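What follows is a set of structures for review.
Shared chain: chain A. Partners: chain B in the first complex, chain C in the second.
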Partner chain A sequence: MGGLVEILLGIMTAVGGFVEVSEATFAAQAGSRFGYSLLWAFAVATVGIIVFGEMSGRVAAIAKQPVFALMRQRLGLTLGLFTLAASVVVSLITCAAEIGAIGLVLNLLVGGPYLGWAVLSTSVLILTVWSMPFKWIERVFGLLGLVMLIFAAATLKIGPDWSQALKGLVPQFPFEASRTDQLAYGYFVVAIFSAVLFPFETYFYSSGGIEEHWSKKHLMVNRLTTGVGFSLGSLLAMALLINSAVLFRPAGVDPQQPGTLALQAAIPFGKWGLAAALVGLLMAFAGAAVETCLSAAYSVAQFFGWPWGRYKRPGETPRFTLAWVGAFLVSLMIVFTGIEPLKLVEWSIVSSIMVLPLTYLPLLLLANDRSYMREHANGPIANVLGVGFYVILLVVAVAALPLFVLTAGGQR
Partner chain B sequence: MRNGQIIKVFAQLRDLEIFDAEDQLCGIADDVELEGAPGGALRIAALLVGPGAYGARMPRILARGLQVVAGRSMVRVPWSAVDHVTSRIRLNKTARELGLLAFERRLQPLLRRIPLS
Partner chain C sequence: MKAREETRGPFSLTARRHLGRAATSAVRNRFGVVARCDPLLLLLAAAFVAGGANATELDTAKLAQVRSAVAEAPTVLRIQARGQVTETFAEGLRSDIRKDLQKLVADPEVGTMASAALVAVDARDEPALLSLRDRLVALERAHGRSR
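On to the complex of A and B.
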């Protein structure tokens, strides 16, 4: 019974914690600009995050190796350090985007200055992480993020053309469109892959497995959390795209601000839908802000061998504690530079996809190493999917920067 | 892998996490000190832990930048303090006995003044 509850909570937490500001923004923009035709990018990228998420959880349970300790062993000190620096920068930019988005949503919800809300929400998040153990942090934000299901309810209520939506799940390319639209479509494919496969999700997930002392008996929880939890979380992101295709595309609305998303629930459900949507977005962004800051601290601590983990009190792991508090403060300073959250989202998407191949290579290598993983090393299916996705990631990573420049971040 | 067995020093030892006798993570094997003489056997003398050890393995410009932030401290863990090696290195002594995590111990009283820490 206890095991079943743990599995259900794990799945619900994964669903509630799946969508963050980049996914939400790009899903809404993709639907508004290209209708259902980018649903396939979410579906394919979700298989990728399931494959690598499961692998990272399995490595945490069997080899007890956190991602960044692995990275240093397998990539070497210098390349490992480069990956660490890039990952921390990506996490900080992403966290700044989440904090900026929280400020915007609170401004819409109750008024008041956006920067003031950013300061207040950062303080509340620091206090929350300071006072709660890991399991509670993960579950509280994950479960509160389930308020985002209002967007899935909105999809059912507005009744999209399901046959057209299903056609969107088939990989496609708009050959008949103008060169500008083709490039923008390519950029959105890259952005969706990057948003779904964000590296901090893997760092956070596998560090969580180690924090909770996962062992062989947790392999099923790992499989179901990644397989079922991430799939359902992805369906929620797809709901944002579908809603946007139905509601925003015909009206010519370009949902550039996170708050615009809330209209997707306001149109079918009125003011209560609007309030629920804003609260859901708030919780999703807050959860992601916590995950990104903790991920940055996990990465540094694991790379240099500092004691780490939120299962210990902050005073027992001083360098790790200073690292995550510092990450929150640096992110807040980025918000104070006045750079728009959408711009931060674009930068985090492009820099993140370029770090991804370096993040996933050590994981793929260790998951195949039978001297560590024994009978739990990758089987043929995990390897075909893992290597296949690795090749896709390489292509996407190479294409990311040129597409970002050519399309001015999808604006052309 | 026990003391005295043949191991691949760089592939299986360097950059592994080190846990002390109380199961506390206390660093990474940043480098390995070997001893021996021409014609004689080469043996592992110690594990080296800290920025002074890993700085020597990096390109000079990177090492200098990092040492400005992290310093040049280094702790030498004698090989006799290694209990066994798996996917991590297990010591037979505590971090305190070996002088590991000294900076961590200096910071702890400062943070513990803050409520809920």
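On to the complex of A and C.
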């Protein structure tokens, strides 16, 4: 019974914690610009995050190795340091985007200055992470993030053209469209892959496995959390895309702000739908802000071999504690530069996709290493999927920067 | 290709067609909302003559920003009138829309259109905003950016 509750909570936490500001923004913009035709990109990328997420959880449970300890072992000091620096920068930019978005949502919910809300919310998040154990942090934000299900309810209420939506799940390319639209379509594919396969999600997930002292008996929890939890979470992101295709595309609105996203629930459900949407977005962004800052701290501590973990008291892990508090403060400073959250989202998307191949290579190698993983090393299916997605990631990483420049971050 | 050619020059077909539509709607609604905003329509028309004059050099990214802001404004007005959102929320969104447009007012390519849009947003003029949105969508299409 306890095991079942554990599995259910794990799945629900994965669903509630799946969507963050980049996914939400790009899902909504993709639906507004290209209708249902980019749903397949979410579906394919979700298989990718399930494959690598499951692998990272399995490695954490069996080899007891978090991603960045592997990075240093497998990539060597120079390339490892480069990956570490790039990953930390991506995490900080992403966290700044989340904090900025929290400020915007609170401004729309209760009024008041956006920057004031950013400061207050950062303080609350620091206090929360300081005072709560890892499991509570993960569960509280993940479960409160389930309020985001209002967007899925909105999809059912507005009644999209389901046959068209199903056709959108088939990989496709708009060959008949103009060059401008083709480039933008390509950029959105890259952005969706990047948003779903964000590296911090794997760092956080595998570090969480070690925080919770996972062992062989947690392999099923790992498989179900990644398989079922991530799939359901991805459906939520797809709901944002579908709602946008139905509500915003005909109106000519490109949703770029969290407030515009909330209209997806306000239009079918009125004020209570609006309130639920804003609270859901708030919790999703807050959860992602915590994950990105902790991920940055996990990465640095694991790479340099410092004591780390939220299962220990802050005084027992001084450098790790300083790293995550510092990550929050640096992210807040980025918000104070006045750069718009949407710009930060665009930068984090492009920079993260370029880091992804370096992040997943050591993971793929160790998950195949029978001396560490014994009978739990990758089987043929995991290997085919792992290598296949790795090749896709390489292609996407190479295409990311040129597409970003040519399309002005998908705006052109 | 044909659409692209049409948008060239200060007295382009597209610009003249935009002016024609504005005039028609003014006649059709001369005792209604639009009649109250005649200067606004003139401003919109001027904006499109300017837009048409620079059509070949227009940055579709900026054009899309103006169009999206212009399209969002009537949506907000409509759901606010129906009582589906709070005043704080509606005012917040309108303020975001104004900020987005204000950033583009000084832009040499889309500044005139952003100014016209700002006037329509401040006047809460839904028909003018919808009309402006449709013209911006047409201009984007002429530049290869469909919706």
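List of remarks:
By our rule, the second predicted complex is superposed on the first by the 412 of 412 C-alpha atoms of A that agree within 3 Å, B and C clash if a C-alpha of one lies under 4 Å from a C-alpha of the other, contacts with A are read in each partner's own complex, and residues count from 1 in each chain.
Methods note: a contact is a pair of C-beta atoms (placed from the backbone, for glycine too) under 8 Å apart; a residue touches a chain by one contact, two chains touch by 3 or more.
This one's a predicted model, so the numbers in the text were calculated from it and none came from an experiment.
On the superposed chain A, the two partners chain B and chain C both fit, without a clash. Of the two partner chains placed by the overlay, neither chain B nor chain C lies in contact with A:I339.
By the touch criterion defined above, A:V47 reaches neither chain B nor chain C.
Once chain A of one complex is fitted onto chain A of the other, the partner contacts of A:K271 are limited to chain C, with no touch recorded for chain B.
In the superposition on chain A, A:M354 makes contact with neither chain B nor chain C. Legend: residue contacts after superposition of the two complexes on their common chain; A:I158 is shown touching neither chain B nor chain C.
In the superposition on chain A, A:D254 makes contact with chain C only, not with chain B.
With both structures placed on the common chain, the touch criterion links A:L263 to chain C but leaves chain B unconnected. Residue contacts after overlaying the shared chain place A:Y372 against chain B, while chain C stays out of touching range. On the chain A superposition, the C-alpha centres give an angle at chain A of 140° between chain B and chain C, rounded to a multiple of 10. With both structures placed on the common chain, the touch criterion links A:G111 to chain C but leaves chain B unconnected.
Taking all C-alpha atoms of chain B against all those of chain C in the superposed arrangement, the shortest distance found is 37 Å. Interface residues of chain B facing chain A in the complex, by the touch rule stated above, are 15-18, 24-28, 49, 54, 57-59, 62, 66, 87-88, 101, 103-104, 107-108, 110-112, 114, 116-117. Against chain C, the residues of chain A that register as touching in their complex are 32-33, 107-111, 177-181, 184, 249, 251-254, 256-257, 259-260, 262-263, 266-267, 270-271, 274, 278, 408, 411-412. Listing the residues of chain C that touch chain A in their complex gives 59-61, 64-65, 67-68, 70-72, 75-76, 79, 83-86, 88-89, 92-93, 96, 133, 136-137, 143-147.
Residue ranges on chain A touching chain B, taken from their complex, read 63-65, 69, 72-73, 77-78, 81, 130-131, 303-308, 313-319, 321-322, 372.
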